[in-house]
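Mind having a look at this structure? Questions to follow.
Think of it as A, B, C and D in the order they're written, each chain with its own count starting at 1.
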Amino acid sequence: MTTIQTGRHIPDRLTSPFSRALKSWEALLLIVAVAIFVLNSLASPYFLDPWNLSDATFNFTEKAMIAFAMAILIIAGDIDLSVGAIIALASTMMGVAMTLGAPTPVLVLLGLGTGLACGAFNGLLVARLGLPAIVVTIGTMSLFRGISYIVLGDGAFTGYPASFAWFGQGYVFWVITVEMVIFALAALGFGILLHRTNFGRMAYAIGNNATAARFSGIRVGRVRFILFLLTGLMSGVAAICLTSRLGSTRPSIAFGFELEVVTIVVLGGVAILGGSGSITGVVLAALVMGLVTFGLGLLNVPGIVMSIVVGALLIAVIALPRLWAMLRRG
Amino acid sequence: EDMRIAIVAKALGIGFFEAAHKGAEEAAEELGDVEIIYTGPTDTTAEGQIEVINSLIAQRVDAIAVSANDTDALVPTLKKAMQRGITVISWDSGVAPEGRQMHLNPSSAPLIGNMIIKLAADHMPEGGQVAVLSATTTSTNQNVWIEEMNKVAGDYPDVEVVGTVYGDDLADKSYRETQGLLKTYPDLKAIIAPTSVGIVAAAQAVTDAGKIGEVNVTGLGLPSEMAGHVSSGASKSFAIWNPIDLGYSATMIAYHLAKGEATAEPGATIPMGRMGEVTLDDNTEAAMADPFVYDASNVEEFAEVF
Amino acid sequence: MQAQTSPVLSLRGIVKTFPGVRALDGVQMDLYPGQVTALVGENGAGKSTIVKILTGIYQPDEGKIEVDGVETRFPTAQAAGQAGVTAIHQETVLFDELSVAENIFIGHAPRNRFGLIDRRAMRTRAREILRGIGADLNPGVKLRDLGIASKHLVAIARALSIDARVVIMDEPTAALSHKEIAELYELVEKLKAQGKAILFISHKFDEIFRIADRWTVFRDGQFVGEGLMAETNEADLVRMMVGRSVDQIYPKRPARIGKPALTVAGYCHPTEFDEISFTLHEGEILGFYGLVGAGRSEVMQSLFGITQPSKGACRMGGDVRVIRSTSQAVDAGIVYVPEDRGRQGTVKGLPIFQNVTLPSLDRTSRAGFLRMAEEFALAREYTRRLDLRAASLDQDVGLLSGGNQQKVVIAKWLATKPRVIILDEPTKGIDIGSKATVHDFMSELAAEGLAVIMVSSEIPEVLGMSDRVIVMREGRIAAEFEGDAMTPENLVRAAVGITGSENGAAA
Amino acid sequence: MNLLKSREAILALAILGLLALIASRFPGFVAPANLAAVFTDSSPLILLALGQMAVILTKCIDLSVAANLALCGMVAALMNGAGIPLPLILIAVIALGAALGAFNGMLVWTLGIPSIVVTLGTMTIYRGVIFLLTGGAWINAHQMSPAFKAFPRTVIAGLPVMAWIAIAIIAAVALLMMRTPLGRAFYAVGGNPHAAVYTGISVGRTQFAAFVLAGALAGLTGYLWVARYAVAYVDIAGGFELDVVAACVIGGIAIAGGAGTVAGCVMGALFLGIIKNALPVVGISPFWQMAISGAAILIAIAFNAQSQRAPGRIILKRAEHRT
């Protein structure tokens, strides 16, 4: 048939991936991060100290671990506002086991398991029963933390085994903390998952058009369910780190984490309505947030002023490219 | 070079801590070679306080005096501070012993526990029901005081403590919890609120419910915030130590410890300027002074001060 | 026919660009009172864009609009309405949660003296307008509770609720059944008689020749020509549209019908269909005809695992099974090209090549890890076979015209090397050139031994392409025709359920 | 039959059931005076939920309402401290609230930034501004004038002014939603934004209007809140935005936009208000409160989803007769 031969040649790409990367969101974030780094080292004599910088990473590592999983979840069109509450519940479960004399490996497994179970519960309600993610997780946010309050009341779990302290307080090498290593591994793992695997591709497809994804033979429900599981799992990992770092559990642990995690994700250039974003962006956003809060902290700026800066940064970083485009179009 | 002492509040903006800050500055002036860094998180969370303390460690301050949001959660961070040669003490709301060199109680917990129930009992000669409105379920000092109060409750046989509710140190929640108490226990005679936020909200709720004269609100509060409620009769009396003195004393102690002029070990005595001196107990804790009672006769005078 | 009156509305030198596309490039057009002007052109020629410019939704970059010879601008949809221009748009522009009356009047509702919406007046006028177009709908019900055809009538009523001098209809018959199309023609005659100028956009030539007085042709956003309908013929129009001649529209090649590929036995669904049984053979094109809403799509979607039948099973080769999910269907070799391209077909936001490889990821990847080179190779192969027009394979699929999007969807499925392909209204809203490509391809697939099901509501297409036709009515199989029995009359009669001699006007 | 199917009816039954349950443990709770008090206590939630409803209807979300409330409340308290008369304060806070809402709305409208991002940012900014205004200091009862504190509590015909304001606003918003082009535009924009453009409704402008409405209501509530609880500081109503969204969801406002009623919204707020008020009263341990309200939210969502489930198309004649 003639049509087969006359097919026109279509080039694979018009712009090279390199030139695209130059103009990308990530490039902008990198510039912002470097600028803040330079400003910080000018503003405070204490900034350029390896130990101080190492301490500063605690400002974001736990949140960022969750942010990686959350980024893929948001790219696929969902959201999980219960992550802070999952940390509380996972930490409480570990505390219960600790009082019963469980050794560190069991505590770790229990923390991960609780995270997975909470993720599964969210996933069940959202991906299986088709309820809207944002409101389901507002509900489970109260539920999970509520259970933690029921278990703990006004008490606290303390006296975690010394070996457990390694996760949140240990160093792997010189100033490199265990949390930094977990952070880096998580960044790498989720980066590969999102950008280099079929699963990541499916997440993008679902986020852009879930119906068409289903009509393309993708098991949409399963992918969304797994993403909730992963978010729960990473909340469990964060729970282990945070509990270990604090050496204790109270039901109010990690209160308000969810909004900071979402802020990191959005600042990282992930479209909040789903469909686009990258892990590189999230890593850079976490660094930017950490640098801003630490830098301002060194100047003893009150926390609330930092949150104004972060809020303004969030809006500005997203608004500026759009304003620029508007101005250029006239 | 000046010695830098960081005063860390539970959260910025609370009148009590602002007053303590005043006291710290007073001590600094008296000492001459001290710079005060007054800081704290935005809301009363342990995580927020840890971030603040981390940045203080990074600035290599000489001493940290903290009123803790969580007895245990701050321990690892404060330990790190001590390892890096920083003097760490807690004041007002304590940290577990391994996380600080000493703790300065505003007053002794048994004295406070007794004081708050006594204030209630004094104004209910026939006895009756009282309820407790606390801060958050995790507030260290409130929990200790209530525990101490329950220990001595037997000394007041006519007083029946019917329950404890938590206002989370939020004005609206405390207000609603008080409303709940008034509904649940129609015969309630007194509400004990050992928290400066809770006592104001409780007094307001009692006023709004038209129960002035029936229900007496007492506990721990700031004269400036409570003056109106004392004159309206919603609160007959309440107690507090002077937060200015507390900030002053904490600064003094931190200074002497950091200078190496005193050591923090059981039995040691540490001078605190115009406040005299304290002796540390077996837990390396010390009490600053007795709580002081405010009522219609003196509240106006102190309202000007803090 | 009053040939030479002056136009009510003229467009001159209109230019409209979107990022990356010059949708309109200096086009012109004239609309005359009491006459129907047909606007024809391939997919993406810019027809809907001109409609949007005329109704104030887009602003032209250059050029002018004249009403009665006076230059005008339409900054908003309301401004266009006030100037007397109204349109039935290609996409549905209705609101499910609002009532029929509100749908008709939203944006220009009657108000009482307090400035509040006068609901009684709104309902009364809505009822009048609906009655005027022969639709007996309750203006108070929510739109959500109406069927698709009734919704279209509401859309038409909405256009007529504005007292217009120019009425634009952008593919108004695409979703209507025979009876409603006939009523629409009557309506057009009525509007003509009232002296209104009508712009009629359609890909169906029978329709155009039946009701239009004039024609205008666009190609690739440019004006090609205009004239009187009476002085042209189909072949000329097609040549102007496509830029070449398309001779064989239904290139059905005799195929060798082989073994049964798919046997469906007793598929039932509680509300949508009942007792669906048929056998499909390798190399066969099986047509499914029926009126719009007969439930064909539902049956096909249950074969593809989107919905589950309550009873019944299907057999492919040796296994008897029920397909429970789309991934099972793809594994089994059944694929489905949906009728709702935008929602179900393409993943807008992803580039073309990723759309093509989406169901084939298992083959282009190794151990779950992507291999981009393989993906590009696969996408290149199949988009070329379908003669896709695009700037690059890395381009967002949403930037393509409807016809080219359809090609991407078909390419995506062919890349999975299926055994059974179901095409639901594969040429709906597709221009004549692309249509030929799709038809060509269908025959070629059948010739390669693939089993093809084609759902279509166009009789010429069904008759021209199928080896066998199943007619559905109200969720059931009404009849099956083969060979000489495949006549327009038989199909229509079975579809509407007439057993006597009276039948609807077959196209 | 049809009545039972409507979301509002189910919710009304749920509220009655809840009241009955509480009454069985604590009869005093359902005394008219107490119910009036519960309504009064729920008024801030109702007011904010009505504003949030408009925003959610247009497919947006406003996470900054609680921060807006806190800022306006603080400004009201500061103005009172400066001796400005109450009517002026009222006008000022409503205007300020509307302006803060308008800022959100502008960003959403002109720059097309998703509302959740905008309001996530402005919620911290607005709270931060309070800190900058006051240095974090509290304004306490004794620093407020008696008239300032008395207004919301003044009882007229058995109900405090606060409750009357809520009733008036419910009526006004109902009229706005049902009978004005703007109200219908909220539904149109959320139901089918694409189509709204074709009918000459500007999506951005309508969303902007919704944000202004939500902001104005938050501003008004800010004054009421501060006057009622007689205290203003940075963190008042912290986390309240999620309660507001939860109230809307319980009330059947579709989070995807375009569907929901004023009655549902008000009942959703009442439902949540009753739970929060009743739990301490019926003597349930405070540690159970959070889990119970979480479970209530989840159950309500599941219920709404059930009654909202599209009936589907019905092709078969016999199926048509059955339903």
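Note that contacts are C-beta pairs under 8 Å (C-beta built on N, C-alpha and C of every residue); 3 or more make two chains touch, one makes a residue touch a chain.
For each chain, UniProt lists the protein as follows: A = Autoinducer 2 import system permease protein LsrD; C = Sugar ABC transporter ATP-binding protein; D = Autoinducer 2 import system permease protein LsrC.
Bear in mind that the values here come from a model prediction, so they are computed numbers and not experimental data.
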Quiz item: Can you name the chains that touch chain A as well as chain D?
Solution: B, C
Self-check item: Far-end chain from chain A, centres as C-alpha averages
Solution: C
Practice problem: With chain centres taken as the means of their Cα atoms, state the distance from chain A to chain B in Å. | Solution: 37
Practice problem: Let me have the rounded angstrom distance from the C-alpha centre of chain B over to the C-alpha centre of chain C, please. | Solution: 73
Quiz item: Taking each chain's centre as the mean position of its Cα atoms, how many Å separate chain C from chain D?
Solution: 43
Quiz item: Which residues does chain A have that touch at least 2 chains other than itself?
Solution: 149, 153-154, 256, 302, 304, 307
Quiz item: Hey, what residues on chain C touch two or more of the other chains?
Solution: none
Practice problem: Could you tell me which residues belong to chain D and also touch two or more other chains? | Solution: 131, 136, 234, 287
Self-check item: Full enumeration of touching chain pairs
Solution: A-B, A-C, A-D, B-D, C-D
Quiz item: Residues of chain D touching chain B in their complex?
Solution: 26, 28-29, 34, 37, 41, 131, 134-138, 140-142, 153, 225, 229-231, 233-238, 276-277, 280-283, 286-287
Quiz item: Within the complex, which stretch of chain A touches chain C?
Solution: 1, 3-4, 6-15, 192, 196-202, 204-205, 207-209, 211-219, 275-276
Exercise. Write out the stretch or stretches of chain D touching chain C in their complex.
Key: 175, 179-181, 184-185, 187-188, 191-192, 194-202, 258-259, 310, 312-317, 319, 323
Quiz item: Touching chain D in the complex: which residues of chain B?
Solution: 12-15, 18, 42-43, 137, 163, 165-166, 170-172, 175-177, 179-181, 183-184, 186, 200-201, 203-204, 208, 224-225, 227-229, 303
Exercise. Under the touch definition given earlier, write down the residues of chain C that touch chain D in their complex.
Key: 55-57, 76-78, 81, 89, 91-98, 102, 106-109, 115-117, 119, 144, 147, 269-274, 293-295, 298, 474-476
